[in-house]
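Below are two complexes that have chain A in common, paired first with chain B and then with chain C.
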Partner chain A sequence: MTDITAKAVSTRRAVSLSEGWFAWALIAPAMLFIGVIVAWPLAETVRLSFTDARLGGENWVGFKNYQDLWASARFFDTIGRTFFWMALSVSLKLVFGLIGATLLNAAVPGRGLFRVLVMPPWVIPVAIGCIGWLWLYNGYFGLLSGVAQRVGLTDGPYEFLAYRTSAFYSAIVTDVWVGTPMVTLFFLAAMQGVSRELYEAAWVDGANRWYRFRRITIPQIMPVIVSMALLSAIWTFNSFEIIWILTEGGPRGATTTLIVDTYKVAISSQRFGEGAARAVVIVMLLAVFSLIYLFFLNKVNKIYGVK
Partner chain B sequence: MMDRYTWPQTIGIYACILVFLTFILLPFFEMFMASLRPLEHLFRAPYQFWSDDFSFGAYSRMWDTVPLLGRYIFNSVFIATAVTAITMVFVVPAAYAYARLDFPFKNASLAIFLGVNMFTGAVLLIPLYRVLRSLGLLNTYWAMIVPGVAFLIPTGIWLLRSYLEKIPRELEEAAYVDGATRMYTLRRVVLPLAVPGLIVVGSSVFIGAYAQQFLFAITFNQTRAYQPLPAGLFEFIGYQSVTWNEMMAAALTGVLPVMLIFLFLQKYLVAGLTAGAIKE
Partner chain C sequence: MATLDLTSISKSFGNAAVLHDISLAIRDKEFVVFVGPSGCGKSTLLRIIAGLEAATSGQIVIEGRDVSREHPVERGIAMVFQSYALYPHLTVYENIAFPLRVQKLAEAEVRQKVGRAAEILQLTDKLQLKPGQLSGGQRQRVAIGRSIVRNPKVFLFDEPLSNLDAALRGDMRVELSQLHRSLNATMVYVTHDQIEAMTMADRIVVLNAGRVEQFGTPMELYHHPATKFVASFIGQPNMNLVPATVREATGEGVTVELAGGHVMSVPVEGHAAMKGAKVEVGIRPENVTLAEGAGLDITVNVLERLGGVSITYGTIAGGTRFCATLPGDAAVAEGRNIALAVDPRDCHVFDASGKVLRRRQAPALVA
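On to the complex of A and B.
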């Protein structure tokens, strides 16, 4: 047995010279494809952001697009709104995900079924789910307004998507709805990976459930919580379809996040140059945010002893 | 013993699960109810939960109201299938390399792949639009397939890599010892063992491809006959007189293919997706 393993190892070593080439040959097609469809357009976006490109043609305008953005109070409003949107939505997703995973992890009959029932918002296309929400938010015929009237919360029909504040929070609820299943699923998987012995030891020592949750579950799944937070932050920041279908960024810009603003400028009004500048700002904001976050993640991982 | 709950606790847990699932399933319930209501009832105020004139009529009338509905569903399935097939062709070799081989810039190149997840198509739409236009792909199926593949490759590599890492090395090493080439080992030893993983990753990619069509479709495709379901239905929302009950029926019918795939494979899908979240 050891003989064969030793032989295998030596065989592997003998061909290791070509291993790098072989590996790169395997990766090259995917890398090339990503290069053409993602990397090159990204470079092109940067270039376009220095031009006044429209459908007709383009001229080099230097930093003008960026200066315009810098001078625009509305753009800074949009940035602020986007980060608020991200912070609130991600926090809710994490809290709901944690609650949901804890519930689905409880040893009660039927949990297998419940785990399946949590997933549909993730399975179906976001756009289809949004059509359902569109109807739920309808003031005259939707269930939410209908129930509110029946219970006496509102006197008449309430159009959730017609007012600035309610439209914003309605969009958040839908975004949380879309994102929660995935977060729940990952937290649940992490919870199931926590060694039972830890719980048993604590239980023998008389620790109650809440204590075990705080002092065992949370620390043990902390790395997953932290990385899911980053992933959902990026997804939420980039979330486009939900807002576009529910409100198209309205009413009066109340739900216009950076990504929606970029789409409106670049695609709807076909002002490519100005749109590209916005896209570059998005990429830079996300990159800076992720770097800061990863720095923080490293510290957390050290605290919790993950390599 | 440790897992035993008292009666009030059990009831509390079920009550909380009920609230949680209500939030998750509410839109589906609402869509289904709306699809059953006759149109004149749908626009009746004040709101009524229940009525005796529910019918499945919308499910047969929708094919006339949305004449291309069948086509939209077909397009969605077709685009998602094509995206999945092409994505897997790129993903399988790359995932194998990351799972098994040591090579220069391994971590750096993996980071580049995963970095793609940071962008949505929305950031790259402008130049993508131009790339696709210059390739003559606008308003074709390819306009939706090509960007779809690019944004699913990273996830595919990530998922399949963690699966391949679990296949024991010994079999491959035995094949080397017997003088098999690397390519032969990959094709004849690794791939057959990886079939369950391929199915899981393939279905995840399919679900992703089914879900992401909207943005690329409304931006890169104006040809109605090629439109996938979400974009096709979205077009109808803008109309003055939307037959909402039929819209809802059509939307629910359109998600059936992907729901069926999910229901059949849910156990494996969930395990495959979360493989990276669990410590070995």
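On to the complex of A and C.
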């Protein structure tokens, strides 16, 4: 009796073991892929951040790179600037995206054409768009400066990218220009998913356009707004090429965000160890930021009835 | 006195005309059902009354006032949508309160009105829930609650039960009828389901291809259908339409020979000129019995025994389909020939254009 039971158990174990191996075999390619593409570079970056790696070689330096960062007022300036850059740019993208989507969602003739026309900033390569903006911002032959002189706003040529404040806001304008179309299309798609009967019911109840927008459209697309805000925030935080092409982080660091700073240290100055430490800080900041954000996303989804 | 008068309402979408010259006079406190097959224009007509669509021509008068160009709110109507159109992010309370919030009423007044509506609809303990947490029937009631708080002159319902399962539909029919009695309001209800129409309506408007086929009480429509379309639309199973030839016709009655050779004299108002004309004789499945001797011969193809009744599908010689509702234990079997007795007084005769010849001995019209 006990023999039979023991045999049955062992057979069952053998089956479950082989099933386990099969399952592992199935996910192995994906694991390998993630390991090579994500995990290993991440681990290597963390390791590098504890060294003084340069082209010539590397020595283990412990937490020195992090201690230097902690002691550096400039680094904290950069963090503050990055968050300000992100907050301002994302807010503008969301506001313009919402306005754009609302206009594109309106039943006007030629709506399809307008929907296509909103896409170029997003569709053309970022580098090409940025070079276009470089010309616009140029003080001597740029369109903006030229118009400003003609209408008497400025006395002479104004080089937008040559001054700290104007360079920063000019970079924001370009970043918003590149990032808005996608936000717009996401919002438009969400708005089209809102049932027409909700609007009709509200219309029959006497709700005007603004009231319907405020109490139906916004709540109905709120989960999309929140998700889009998170994605857009991460992209903007890590946005590199726009700043690099326009200003290379200048003038005098005015447009240097964390990602630009990391590039300058790790690649331009070839101080890989210090650069890696900065990269690790970015990962941690974004992770904390995302966690807080996902917590709120969860709350928002509950409020707006998304399961 | 919330009367609703439609005068010569027409509607076209581009070149496609969907409503043709519709005129109806709906009385105060009446429950009127628009019924018809899909695409007949019934929902469009309701949306025109609501103000969601503009009529191409014609006039809408509510309580003696022309509201054709007015906003839904000024018309004094409230509408319940097929999908209920509840706001998923708002609680039941806020959903019902929505029209009052639009009007910017004081909180105390909102609370009182929502409370009363919730009481009528037995939603008092559900007020803090979201629509997603409610059953189909409860959602339906919330949608009705939102229309009640408006205190409208006319309630409009657009196929409100079509998203519910069959059992719940039956319950909600009863609830809606009770609601109509307790609110004492004029209601216009759109459905494609003739059972909903028959059970709830004071009067029914049968629409076909954008025209009113007939406007009358359920019993009028059943006993005195004006056209072949109404006759076959009202009643379950559908009325049988048997091709026939007129042998003799007077003001007293019409003698017809049915396909298959059965001859009978139907007491409807005919005239001598009809002799030899092709007509169709309408016989309701529930108006036939098994004949003792000779009768209308049919071959049984399919038999559905439902317990109480046996629905018998067959063909008359010549191939015309014929359906009969016989007693549950009727001695019939698939493949057998049976003879059916038909009382000519129960029959309808339709001329070639589909118009009915007036019945002389049918039940009196129910007012």
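The rule is short, and it goes like this: the second predicted complex is superposed on the first by the 275 of 307 C-alpha atoms of A that agree within 3 Å, B and C clash if a C-alpha of one lies under 4 Å from a C-alpha of the other, contacts with A are read in each partner's own complex, and residues count from 1 in each chain.
Note that in this section a contact is a pair of C-beta atoms (placed from the backbone, for glycine too) under 8 Å apart; a residue touches a chain by one contact, two chains touch by 3 or more.
Here the structure is a predicted model, which is why all the values come from computation and not from measurement.
A.B. asks: Aligned on chain A, chain B and chain C: do they clash or fit?
C.D. replies: They fit: once the shared chain is superposed, the two partners occupy separate space.
A.B. asks: With the two complexes superposed on chain A, say which partner A:R54 touches: chain B (first), chain C (second), both, or neither.
C.D. replies: Neither: A:R54 stays clear of chain B and chain C.
A.B. asks: Per the contact definition in the header, classify A:R164: touching chain B only (first), chain C only (second), both, or neither.
C.D. replies: In the superposed model, A:R164 contacts neither chain B nor chain C.
A.B. asks: Looking at A:K64 after the superposition, I want to know if it touches chain B, chain C, both of them or none. Which is it: first, second, both, neither?
C.D. replies: neither
A.B. asks: Quick one: is A:P219 in contact with chain B, with chain C, with both, or with neither? Answer first, second, both or neither.
C.D. replies: Only chain C; A:P219 stays clear of chain B.
A.B. asks: With the two structures laid over each other on chain A, which partner does A:Y211 touch: chain B (first), chain C (second), both, or neither?
C.D. replies: second
A.B. asks: In the overlay, answer first, second, both or neither for which of chain B and chain C A:I131 touches.
C.D. replies: The first partner, chain B, only.
A.B. asks: Who does A:E200 touch here: chain B (first), chain C (second), both, or neither?
C.D. replies: Both chain B and chain C are touched by A:E200.
A.B. asks: Of chain B and chain C, which one touches more of chain A's residues?
C.D. replies: Answer, by number of touched residues of chain A: B.
A.B. asks: Determine the nearest approach in Å between the Cα atoms of chain B and those of chain C after overlaying the two structures.
C.D. replies: The answer is 5 Å, the least C-alpha separation in the overlay.
A.B. asks: Could you tell me which stretches of chain A are touched by chain B in one complex and by chain C in the other?
C.D. replies: 200, 203
A.B. asks: If you look only at chain B, which of its residues touch chain A in the complex?
C.D. replies: So the residues of chain B in touch with chain A come to 1-3, 5, 10, 13-14, 16-17, 20-21, 23-28, 30-31, 33-34, 42-49, 76, 89-91, 93-94, 96-98, 101-104, 106, 109, 112-113, 116-120, 122-131, 146-147, 149-151, 153-154, 157, 170, 173-174, 176-177, 182, 207, 210-215, 219, 229-231, 233-234, 237, 244, 247-248, 251, 254-255, 258-259, 262-263, 266, 270, 273-274, 277-279.
A.B. asks: Under the touch definition given earlier, write down the residues of chain A that touch chain B in their complex.
C.D. replies: Listed in rising order, the residues of chain A that touch chain B are 4-5, 7-9, 11-12, 15-16, 19-20, 22-27, 29-31, 33-34, 36-38, 40-42, 44-45, 48, 96, 99-100, 103-104, 106-108, 114-129, 131-136, 140-143, 145-147, 149-150, 157, 177, 180-181, 185-186, 188-190, 192-193, 199-200, 203, 224, 231, 234, 238, 240-241, 245, 259, 262-263, 266-267, 272, 275-276, 279, 282-283, 286-287, 290.
A.B. asks: In the complex formed with chain A, which residues of chain C make contact?
C.D. replies: Contact set of chain C toward chain A: 50-52, 71-73, 77-79, 81-83, 85, 87-90, 98-99, 101-103, 130-132, 146, 150.
A.B. asks: Contact residues on chain A for chain C in the complex?
C.D. replies: My answer: residues 195, 197-198, 200-207, 211, 215-216, 219-220, 222, 303-305, 307.
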